[in-house]
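Can you keep this structure in mind? I'll have questions shortly.
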Amino acid sequence: ASGDLTIGYIADFPNASVFAIAEDQKLWDAEGLKPDLKVFTNGPIQIQAMGAGSLNFGTIGPGALWLPASGRAKVIGVNDIGFSDRIIAQPEIGSIADLKGKKIGVPQGTSGDMILRLGLAKAGLKLSDVQIVPMDPSTVVAAFSSKQIDAAGLWYPLIDVIKARVPNLKELIGNKDFYPDTSFINTYVARNEIVAQDPKLVTSFIRVMKKAMDYRVANIDRSVELTAKFLNAPLQATSNVAHSRKMLTSKELEGFAKDGTVDKWLTQFNTMFKEFGMLPNPLPPAQYNANDLFIQA
Amino acid sequence: MSSTDSAAPPRPGGFLTGRLLGSGSAMLGINIVAVVLGIAIWAAITSLGVVGLPGPMEVLRKGVELAGSALLLSDALASLGRVLSGFLLGIAVAIPVGFLMGWYRIARGLIEPYVQFFRTIPPLAIIPLAIVTMGIGETPKIFVIFLAAFLTSVVATYQGVITVDRTLVNAARVLGAKDMTIFRRVVIPASTPFIMVGVRIGLGSSWATVVAAELIAAQSGLGFRMQQAQLYYDLPTIFVSLIAIGILGLLMDRIIIAIDRALTSWQEKA
Amino acid sequence: MIPKISFQDVSRSFELAGQKSFLALDKLSLDIEDGEFVTVVGPSGCGKSTAMNIAAGLITPSSGSVLVDGAEVTGPGPERGVIFQQYALFPWLTVRQNVEFGLQITGMPRAKRREIADRFIQLVGLGDFANSLPKTLSGGMKQRCAIARAYAVNPKILLMDEPFGALDALTRVQLQDQLLQTWSQERRTVMFITHDVDEAVYLASRVIVMASRPGRLHRIIPVDLPYPRTEEMRLSPEFAALRNEVWRSVYHPAEH
Amino acid sequence: MSSTDSAAPPRPGGFLTGRLLGSGSAMLGINIVAVVLGIAIWAAITSLGVVGLPGPMEVLRKGVELAGSALLLSDALASLGRVLSGFLLGIAVAIPVGFLMGWYRIARGLIEPYVQFFRTIPPLAIIPLAIVTMGIGETPKIFVIFLAAFLTSVVATYQGVITVDRTLVNAARVLGAKDMTIFRRVVIPASTPFIMVGVRIGLGSSWATVVAAELIAAQSGLGFRMQQAQLYYDLPTIFVSLIAIGILGLLMDRIIIAIDRALTSWQEKA
Amino acid sequence: MIPKISFQDVSRSFELAGQKSFLALDKLSLDIEDGEFVTVVGPSGCGKSTAMNIAAGLITPSSGSVLVDGAEVTGPGPERGVIFQQYALFPWLTVRQNVEFGLQITGMPRAKRREIADRFIQLVGLGDFANSLPKTLSGGMKQRCAIARAYAVNPKILLMDEPFGALDALTRVQLQDQLLQTWSQERRTVMFITHDVDEAVYLASRVIVMASRPGRLHRIIPVDLPYPRTEEMRLSPEFAALRNEVWRSVYHPAEH
């Protein structure tokens, strides 16, 4: 039944572009599906809505991956890989090592948080070597712009906003410095029950997503336009985001699924969650990643 | 000022009336001066460019743009619908509950700890619970707003009830009034000034909560639009949403004040 | 025959802030017969209002009890109409709505209610102010509105606390005669507090004289003038004698 | 009930007093019954396992654990400090401003639109602005709480001022009182019941806002702890924080009620 | 000599709800000399309180003006003490604090204030209730507290609106004599509203008779009895004649 195809997404390019494309290209019709799209502001709320039975599918960023890893939902495929997260610092700071003792603003539990932790670890710093100041994303923008903090773990397009006021800010490290070992994957997720009870619906969903992703790789500018229109979002900012990401074709993704790369990425995240103290006992990826459904679709 | 109010003797040169500037239109004039002043200050601050805030012109441009695309209207209507439902429901429940609390000590003892407890809990913390129990439709959104309106109004109503002049209650009782009649015909009118405080504060809370409520999978609404804008740190849109919320809240407040005037014109106000 | 109202050893004390308790009424015992008109006089603060409020069921006695028709009073009831010393009008209702208040409670239909209310509003001379709010009335007009409100419900017992205190002399005399007339026609029982000795004698079949510190019953002075009372009677030597007797027993209690 | 209250004549079998269960200890008893009842319902719901919430025992265990590590105490103290400062400051400013608004029409015309406007704006939206202007220390946190307390209390105070019985103001004026004296000695005491409504609602808002305030770069505090826990979906810790906030709020409310009783014992309460 | 209080063509109308405006006071002109004691009588609602509140500076006239010592009244002042018909005690202050209120405003030191307050509290017989709150007082006690409060500030002009209406007869006589004594000793100007014709004649050098609909000055009746007034005078035929004259001009204005 089409009522079962309730889909959550976040109103930005990586999460929404596939739905904008699917709608424009009438990809749902091909599967005989009528999606019921619902916009959310973040991943965890989508997982909560799944827990309440109000949502069957969704897209989440890496920051919310610990939720499937703790059994609250299933990963049913990779969407794209983010390259928009950075550790940024005020102009006078030269390197990550200089961050010792400095105030660093970070929205906790987000990909900004992860890049910060990874970056510090790479430079041999412990969290306790710096002053972590938790704040929400727009507060980071305000605080960094007004020079209340020395550095931040944040992402584009918010960094663009800061750049307008602090043009010579330093980007100390970014996702590409950890790729491909650690990939900030954006994933499709589905409610546990729907995966168990209606795998056909899940594969239909994945098929549409695969077609959309292939279209996206082939027609990136058109995709940006479609998405900007779909979201009522500014075109330039959307385009900037789009170009800061690594988008893969369905063939490539199927390959990563088959050869265990996806599970490896997920394991990588599990390790991080354990280190961060967020999740003491994450499930092994095999238990929450519906790899075969993705391959099969 | 209501028309009945003008029947009150003006008192010369002193308390209040002596300082009245006359009619309601004078009041409106001062309001406008205040708003113009506020905008001027805002323009001055932002034109200095220090704080990185958008200026009034920029926000106005964005507002016109959003209004042109009919987005602003649909957002405003969506939020207004939620706020009205949640707010009216909150008031409608708060008044009888406030009375029960003021009237029956057992009710007070049972309800008060919870009212007080839930008032200290931010709406954001209620949201997961609301989603779990009510899903992601309109219900949990309206519920969060309802809760905000209810929890503030109930305290005011309750205080109003226990402040009612005892001699009026006695006068009703010797005329044969039973509890229900005393409720309806003595306690409610006598505590109207208090209830109105609750209603006005409740209205503010309702609007302040709509942003949190629209975190729950809203597809439109001023709070929703604001959150979307936050993804891009689109300050002009954030300001347009905030100002739209403020203006709608202000208009509703004016309506409440007008109702209040009509309901309490019997009072000998200072 | 059972008395209509029977005070039986009624005492009432109040806690004064910080101090020991204050005895406002000390063992009041008094029977008021069915259809009797008694007036109560006594110095300010001697417990007159307290006694009346106990009979009205608005104050509980500290000890003793009040029986009405042989049953202990546990609360107010519409068969006992009360006119309060401080009027207690509902400020959000007009004069007419105030007067209709008690009638509405009985479920009387609108037209009937209005007819009765208007009759009593006329009776107290507020005809032109039926739609006025209490805040726009003068002191005497407020008091008259309270009188009309109590009369309208037609109670068997009337408990009146200085009901004519704020009225000018003419209105007062008119309302006195009016009250006496209704009382005799419809066999009401009236307990009427006043500071006007003249009024006390003119209206009552017995004048209850109270004394203070502690508030208590001092004397009961029977008024042996026949009803209906007339203006001539006021000028009679018997009346003057009774007036003097009441006056002296209020103000020189030691001698009487 | 206060000691002075007992001087009021109990009224038999009817309004209020007739239903009083007696003393303050009886009230406490009912409160305890209410709390026990609430916990029982909570335990019953969670033991069915449907909603996925932690049960009372689990939360208690977590509470003991947090209390043991002294985290709970330091968090509670941090939040309490912020709430107390912001709240007291808010009340202290709201009372004179409310009076100005009630008294001088110009003040009302200038201030009211802003009060009403800012009341509809959620604290979360104020935070970035507060950071820009006040940095990330304690100041912006206290400011946000201050704003919440101020905006609710000012409405109540203002309503109280315009509701003051005119005859009392006149009585003071014929005794030679000028505006300041009337403020202090007539208007303040006469509007205490209203001010108390504002204070009580303001207290709730202050606590509800502390979570938002501790979004601003807090290093400890119950709201901060709650957000940390939210990241990990650590429901027991969230519940411990919420309950700690609720209990502290409740205790402060009791203190306010006690003050209110002392200040308004002159009233003939129903 | 300039009159102490001069009403000059003072009118005042009120809007009645929905209706056309209501003329409560119509062109009142009246001069009260320095040191004079006038009483005002008239039917309920004839504008007595309105006139007094205009003189107090609490109501503005719709037209005309009131001069005090030749200067137009624009607001209240402590030189004009007012006793309100509805007492208007501060409910949050004790009897003593109420009485001290006006003294405190003048900045009088605590001890002095207290001494004066206690003197007036004794004068009105509330000595035992100095620490009581108004809600614990009887009607007459509240009125006496209001009297003490107005006396305490020692105003040159006293505007008294039925000040003794809720008092028992003895207390009333005592306070009348007390007031007359202070008035003559300290040369006060007093405007005193009463419904008690006896009281009006006993106290006044002129009785102002007002009429209603519209509220207006009807007659001024000079009282040619010498001061100090005594209890015997009350029984004199001249007194009785004056009383009758006042009565008749209040209640049969057409004939007088």
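Order of writing sets the chain letters: A, B, C, D and E. Residues in each chain are counted from 1.
Note that a contact is a pair of C-beta atoms (placed from the backbone, for glycine too) under 8 Å apart; a residue touches a chain by one contact, two chains touch by 3 or more.
Note that the structure is a prediction, hence the values are computed from the model and not measured.
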| item | value |
| --- | --- |
| Chains touching both chain A and chain D, listed by label | B |
| Farthest chain relative to chain C (centres taken as mean CA coordinates) | A |
| Most distant chain from chain E, judged by the mean position of its C-alpha atoms | A |
| Length of the line joining the C-alpha centres of chain B and chain C, rounded to whole Å | 47 |
| Length of the line joining the C-alpha centres of chain A and chain C, rounded to whole Å | 83 |
| In chain D, residues with contacts to at least two other chains | 4, 7-8, 11, 14, 52, 124, 129, 132, 167, 170, 173, 267-268 |
| Residues within chain E bordering two or more other chains | 14, 16-17, 57-58, 75-76, 86, 133, 136 |
| Multi-partner residues of chain A (at least 2 other chains) | 51, 138, 141-142, 145-146 |
| For the chain E and chain C complex, residues of the former touching the latter | 14, 16-19, 41-45, 48-49, 85-86, 94, 125, 131-133, 136-141, 144, 161-162, 165-172, 195-197, 247, 250-251 |
| Complex interface listing, chain D residues touching chain B | 8, 11, 14-16, 19-21, 26-27, 29-31, 33-35, 37-38, 51-53, 102-106, 108-114, 116-125, 129, 132-133, 151-152, 155-156, 159, 161-167, 169-170, 173, 179, 182, 187, 193-194, 196-198, 200-201, 203-205, 207-209, 211-212, 223, 226, 238, 242, 245-250, 253, 267-270 |
| Chain D-facing residues of chain A, complex | 44, 51, 66-67, 70, 72, 103, 105, 108-109, 133-136, 138-139, 141-143, 145-146, 148-149, 277-279 |
| Chain B-touching residues of chain C, taken from the complex the two chains share | 56-58, 75-78, 80-82, 84, 86, 88-93, 101-102, 105-106, 133-136, 149, 153 |
| Touching residues on chain D, where the partner in the complex is chain E | 4, 7-8, 167-168, 170-178, 181, 185-186, 189-190, 192, 264-268 |
